[in-house]
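Next come two complexes built around chain A: one with chain B, the other with chain C.
Right, the complex of A and B next:
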């Protein structure tokens, strides 16, 4: 089972690669949805990426904008289903 | 009912103020939004054209002012057919023989022989298996996804597809994912990620309306074949003039007949009136005819327009003269603008954005060009990304060389005023901001 820091690194790398400009300074605690960097469509694809990569299923009612608002909260959510 | 009871039911308007369904509170919700749009400098003003759509038009702007003759370089009238005499004649004949309206949706009593004929002709023109007409391409894009896909499926769209495709995707229960603009490696990653979905549809514009760049349709076809996905391409800014015979981006890319779903419009190069269609695999079109809501619940294209589009297809089938002239005009316009020192988006399509980067500068240049007799509109955020403000010029086969050279002369005059000729992006941004 991956450690939280490893999870955070994978998620951060994915988010930067998918959504951020090259010079975008993104950290584990940067707001993603409330800042507008990720919209609701993008949240669905991020959830899908995590489910496929870690072979988990995150219930839709747990995949809230709050739970996906930064890398740390997303990693904590994923840990619950590993 | 006695007179006393009837009287008690009457409302005495002289004493009581009637309830307002559109209250001041409701009104303020909208006035606040309108004020915010104005404050942001984004309030759209219509310019009233007092002539037919053409290279030379007569415009009233601002409202109430004396009309002004200007050269139009911002219409989607790519082939110059919007006011072509043969198209107008055919439209008159259609009006005389098939009437003005249908007063019915297609499947009740709203289908004429000419609707069926236009579907057949578009199928032949686009090299597909079948075609269904819609009131507009916006409606085609709004209806096609919901008719074909469920929550078991996924749509993977280019991040810069047209707003009508985005809206259609939102109306559908399928999962939606995106890939970076024209990035085939990223698309392949997404196709692998969603490999287990029942159906996969990759969605693109054939030509992107803001930058004028073209989709890599041959590579898209190859990737879709490799990963068992369907390909949808919106050809609204391509049908009639891209490709050697104007069949669109699939012809240009050597994959004519291999795109599963094409949506396109009759409101641009193909006569410019209105209407659109979904053209593609037979079963897909049949299912749209059963389930696509804009088809089921609205009248289709009026007979007068159908007759005009049929004539447009006759003209395009007889000769490539107009698309060839458009190609020559485009090459000339791109060459002279670049040589004059403007920064343009590279490409081969007649959509030629002149990059100014700053929103106010784009508005100022557009206003000054209009004063000089050139009608070209500035685009800025949120229509294009922040810092990518531009004047979008669109070339037509209806332009003669003198239209283009006169436009160039005025562009240079205005460009000198703002000292942007020969300047780099960084120099323009340093002076005007981003």
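Right, the complex of A and C next:
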């Protein structure tokens, strides 16, 4: 099972590559949803990435904007389903 | 007392000419929206009144008075003129909801150029299609979005200027880029306002249809008359209101009621340029003491999903009137808002093509939860028989929503596509493409679209556009795209695909295709589900039968499948 820091690194790298358009200095705690960097539609693809990558299923009612609001909260969410 | 007073009396006495007179406009006069949104408000003694309170990330707040809007829109206009941009040129606004977007639109209109606002989440292909069709000469954008323009620049010979409004100047500009900082520019006290007349083009908004590429809806400066009077009577905007329209000006609500109407009325409005969260929204209302809130069913349903408890953490007692637009507002949302805020959301119905509110629940009128309301005074509305295109007079019988094409904010054509524009009319009626019934009290009840266009979160997505983009993915051989029901967004995009040889139908590929569409078109257009098929349902002539797939998703009867291709 991956460590939390390893999870955070993978997720951060994915978010930067997939969603940040230019010169974003993202950290583990940068707001993603509440900042508007990732909208509710794009959140679906991020959730799908996590499910495919870690072979897990995140229930829709747990995939809230709050749970997806930064890399740390996302990693903690993923940990619950590993 | 409401602004509209008695709806029945307004029906009897309404004239567009009288509505124009409220703006001191008479037929034949000049009517430049940019001037109305800034200079005129100042001339009416509101120079120092707050026009715009903007909040961005990191609690950044900026405030602008009406005199600021006047000066800064002059500055924007003068800058564009200095580049040689002139009346009739298309100038695209491709930005997040930052103040430069709001002020830039006013500046563009002041010099008689045509503003072309586009949703900043559009991918490079969505952007290309719209810029190419419009023959856009200049685009105003932010550094973070400029790379999408660079990708398609070679294919856009008409695009001469990429104006970047937030660049720090540390790196050299890329091809065709010009750096322009409104906050650092010398304010321009006076510019010559272009003498726009009623039929002078003002705004080009792109909208999606079932077939073909997106269409540029051409609006004109006299649309202001409709936008002004509907904002006054439907949104009930008053001089002391603090108004919040949550729509992005990349879409028509964000311009008609997020820029033009409130500015022309001299109202104080607030804009929040951060992502959605229930807490942030309620905090925004509490902090700014918002009185009039114009939002969308998807947002309202998301707020409902966040629960009642979070509502109670904030003082929302400032709210005086609430309205909604973009898709049908379900009865549960109306009842919920009445319970939580002490007042219902009033549904309003209109389209990019109509330019202003057409059917609505009016303040002071009984709200029937789930109903669209009644037509705005001055409009001739009807439900038409889909075969004869004659009005249906029978109560509760479904038909096509249609209007006589004679209100000021109506679209004048589809840009470079008069043929498709003409197809929107039958027997002199403008066909909206939506279906509804009318009850015994004259209230309209929405049924659905008359075509395959997908309404996701209040935004229209063309299945054709998504299907075409899917075919550009190397794995996809054939594609069909339909709406799938969704609790929050009403509908979301679902794709059915067959694969080319050598590709494996698995979850990794599904994610890859989703991201491909998200970046190419937009997050809205991204299929939220992709179903792999061995073959798609087709007619014997080879046409994909979307309706079979749609019926499957919605649990409906498939209907006549006699033309379905067999093995």
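Please note the rule applied: the second predicted complex is superposed on the first by the 81 of 82 C-alpha atoms of A that agree within 3 Å, B and C clash if a C-alpha of one lies under 4 Å from a C-alpha of the other, contacts with A are read in each partner's own complex, and residues count from 1 in each chain.
Methods note: a residue touches a chain if its C-beta (ideal position, glycine included) is under 8 Å from a C-beta of that chain, and two chains touch if they have at least 3 such contacts.
Note that this is a predicted model, so its numbers are computed, not measured.
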Practice task
Mind checking the superposed model to see whether chain B and chain C fit together on chain A or clash?
Solution key: clash
Practice task
Using the superposition on chain A described above, determine whether A:13 touches chain B (first), chain C (second), both, or neither.
Solution key: neither
Practice task
Using the superposition on chain A described above, determine whether A:65 touches chain B (first), chain C (second), both, or neither.
Solution key: second
Practice task
Considering only the touch criterion stated at the top, classify A:45 as touching first (chain B), second (chain C), both, or neither.
Solution key: both
Problem - Contacts of A:33 with chain B and chain C, given as first, second, both or neither - result: second
Handout entry: More chain A residues in contact - chain B or chain C
Key = C
Handout entry: Offending stretch of chain C which, after superposing on A, collides with chain B (from 41-49, 59-67, 149-157 or 275-283)
Key = 149-157
Practice task
Kindly list the residues of chain A that each of chain B and chain C touches, one partner per complex.
Solution key: 41-42, 44-45, 48-49, 52
Fill in the blank from the handout: The answer for chain C against chain A in the complex is residues 57, 96, 121, 143-148, 273-277, 280, 302, 456-457, 488-489, 492, 507-508, 510-511, 514-515, 518, 523-524, 526, 528
Handout entry: Residue ranges of chain B in contact with chain A within the complex
Key = 175-178, 190, 193-194
Practice task
Could you pull out which chain A residues touch chain C in their complex?
Solution key: 18, 21-24, 31-42, 44-45, 48-49, 51-52, 65-66, 69
Practice task
Quick one: which bits of chain A touch chain B in the complex? Just the residue numbers, please.
Solution key: 41-42, 44-45, 48-49, 52
